[in-house]
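My questions will all concern the structure given below.
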Amino acid sequence: MNEFVIKNLSLRYSDDNESLKNISLEIESKAITVLFGPAGGGKSTFLRVLNRLNDLADVKEMKGEVLFQGQNILDPKMDVIELRRKIGMVFSRPVPLPLSIYDNVAYGLVMAGEKNKHKLDHAVEQALRQSFLWEEVNDRLKDSAYSLSGGQQQRVCLARVLALEPDVIMLDEPTSALDPIATSNIEEMLGELKHQYTIIIAPHNVQQAVRVADYAAFFLMGELVEFGTGKEIFHTPKDKRTSDYITGRYG
Amino acid sequence: MDQKKKRNDRFINSVIRITGYSSILFVLLILFFLLREGLPALASTPLKTLLSVRWYPIEGYFGIIPLILGSILVTVVATLIALPFGIGAAVYLSEVAPPWIRDILKPIIEILAGIPSVVLGFIGILVFVPFIRKFLDIPTGLTAFTGAVLLGLISIPTIVSVAEDALNTVPNSYRQASLALGATRWQTIWDVTLPAAKSGVLTAVMLGIGRSMGETMAVMMVTGNAATMPVRLNSLFTPIRTMTATIASEMGEVAAGSQHYQVLFLIGIVLFLLSLVINIFASLASTKSRQRSERLLS
Amino acid sequence: MTTAPKYRKEKTAEKIGFMGLRLITLLTVIPILGLVAYILIKGAPAMSWEFITASPSNGMREGGILPAIVGTIYLTIGTAIFSVPLGVMAGIYLSEYAKESTLTRLIRIAIINLAGIPSVVYGLFGLGLFVVFLKFGTSILSASLTLSIMTLPTIISTTEEALRSVPNSFRVVSTSLGASKWQTVRRVVLPQALPGIITGVILGLERAAGETAPILFTGATFFLPMLPQSPLDATMALPYHIFVISTQIPGMPISIQYGTVLVLLIFVLGMNLIATLIRSRARAKRQW
């Protein structure tokens, strides 16, 4: 079942940077789809199209169609605020908001208008449990989120997204700022989460891509070179550019 | 619940947008009212009178030339006095002084920026004016020069802070490259850093000039308020009148709508336009510097 | 070794140059300190509880300066009421809403110009618009409105700067969690920028409190039989009072003159100090 159907997506920024060239792709739901490739390939831009975060940047033109659960999200009449609650995003550097741990995790729900304290408490606990952070922080929820380690901060950022009970979780190089232990924690978590959520991840190296991918898409300089299951792409890639990148010929 | 929030949001967004445009509204409003009260002067007073060299309203002399020249004289001399101190201090604070000295001296200079001009005028009258009179052995200490010194003092904090900012913005790599080629810090300052900060420093000077020209109270209290034509060499050491002092001292005594009233507003228009020109130049200078560095760094 | 003597010459030039710069800076700083110290010394004898709380008597030559102090406080509050909401919102607009265009460039030019208009021209404008045209007369209302337009550019600029210094990543994260632009501003950006905004507001009000020219024809008066009862009354004010007693009243005791100046100075520099303290405390407490 397809969560996303992307048809001929092209995007250009006003400084002609990091554009996307005619991307067509389908994203399977409740699976981990990996976007990989060298820097500047368009992976981050692509992710930001999916939750319309690009609206914050200087986009000169955007063409094509992006169907999410059947609706074209590029339609100007789209309720982007509701969309962003369904498609959560974790960024490459942990960015806790300058609030307490509790307020960070509850932020999305509070913005949506949830005022019931019990519902919020419950949601916060759920989300923190799902990101394996509850045991560590339940006694200091009112502390500043900055008092946590890098790995813990990133898990707060994940919990923040989970609290909204999204359909999709997108992660843009989520472990690039983390040590190996924190990294493997996150990867383990993804393995659990994919049973409930559609996961799209742009890892910062090929090894992570290989470790977690159910499906993989190779982005190179704004183009989608190849797409298939993890096994297909990493063991038997069809395009020479893909195999060269995977084997480290360039990077 | 979402619908009401959306309507609220749209309302707040519109309010904010409107306040954003307010500054344009106010500039136009100010210009409008100055013109409204001041343009009639051009109708009631022949241009020949306005451009004459005698300002003696009681007897119908409305020549504004001595006032304009008075302002120019005081402003120019004030700037000449303030420049070496202002830029020197800026260079010292930005390039030479150790951080702890900077942390002490910068606030002190900013204190000067906070001292009301009437206070400076007050000290000017009670202390500086008698001093000048005795020191230069002239009939009165209320002179253009006294005013210029006071004005120079007033504009120094403006020059220092803007110039120091400009110098701080010069990338450290410039300085390091110069030092690596064997130049001393002194040479680096004058051959590399200062030229690189040229437009910022220019902006600082223009803003300082603007500050001097617009100053009212301090000048009014120490320049003697005699609307003479400053054309001789020693005019600097005789009493004089600026445009700002004229408006401030005579406005209280004119009947609304009278010819005198209108001419005072006309002088106000002149001041408004002059400050407009100076500020446009100042902002052009700083935009150019920003654009150039953006080009260089891209 | 052949370059050594030249290097020594350059080094000497540098030493002299630096000493010259130090001297210049000292010559700039000493008068400032001297000024403040002088006012402190000559004004202190007049300072007493009575001076601050009593009204003047004997043609202002004796007694206290309470009405002038109260007047300045009223004017400062009046200025704040009009300029702070308007200025902060305009600053929010420029930082969070406006996209670079001809219109925003015009707005910025307008702000720079408002900042550069001579204070006496503001006085004329206030006279023309508030006193005469809107018929508010010489009043606290007219003077406050005039002062607030004069203070507007300062508040707008410092607000914008304070908001821009908040990292953009916060806005991006907040938006990605489904917050609207206003929610992001209100919940995340504004609170973080608040110390900077408050500092700017205090500095703007400090300047307004010390200004004479804008209130000369719009609200200031020398003699009031009693304290102002409504915003439509004229008022005494410290800067104007200083001006008159030092230039137009014969036989004015020197100590009262210096005392009044000292009070204004304390008022104004006190605000400066508070603003600086807020700024450094906020910088220390910053989590990011």
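Should a chain be cited, it is by its letter among A, B and C, assigned in written order, with residues numbered from 1 in that chain.
Just so it is clear, a contact is a pair of C-beta atoms (placed from the backbone, for glycine too) under 8 Å apart; a residue touches a chain by one contact, two chains touch by 3 or more.
Values in this document were obtained by computation on a predicted structure and should not be read as measured data.
Here C is the chain whose Cα centre lies closest to the centre of all protein Cα atoms. Set against the C-alpha centre of subunit B, every other chain centre is closer than that of A.
Here the CA centre of subunit B is 16 Å from the CA centre of subunit C.
Subunit A and subunit B have Cα centroids separated by 54 Å. Inter-chain centre distance (subunit A to subunit C, centres taken as mean C-alpha positions): 48 Å.
Residues of subunit A in contact with two or more other chains: 112. Among all residues of subunit B, those that touch two or more other chains are 5.
For subunit C, the set of residues that touch two or more other chains comprises 180, 183.
Touching subunit A in their complex are the following residues of subunit C: 169-180, 183, 187-188, 191-192, 287-288. On subunit B, the positions that touch subunit C within their shared complex are 5-6, 9, 12-13, 15-17, 19-24, 26-27, 29-30, 33-34, 36-37, 84-86, 88-89, 91-93, 96-97, 105, 107-112, 114-123, 125-127, 153, 156, 160, 184-187, 207, 210, 213-217, 221, 244, 247-248, 251-252, 256, 264-265, 268, 271-272, 275-276, 278-280, 282-283. Here subunit C touches subunit B in the complex through residues 10-11, 13-14, 17-18, 20-22, 24-25, 27-29, 31-33, 35-36, 38-39, 86, 89-90, 92-94, 97-98, 103, 106-125, 127-129, 132-133, 149, 152-153, 156, 180-183, 203, 206-207, 209-213, 216-217, 239-240, 242-243, 246-247, 254, 257, 261, 264-265, 268-269, 272, 276, going by the rule given at the top. Taken together, the subunit A residues at the contact with subunit C in this complex read 51, 53, 56, 81-82, 84-85, 88-89, 91, 93, 95, 97-98, 107-108, 111-112, 144, 146, 157, 160-161, 164.
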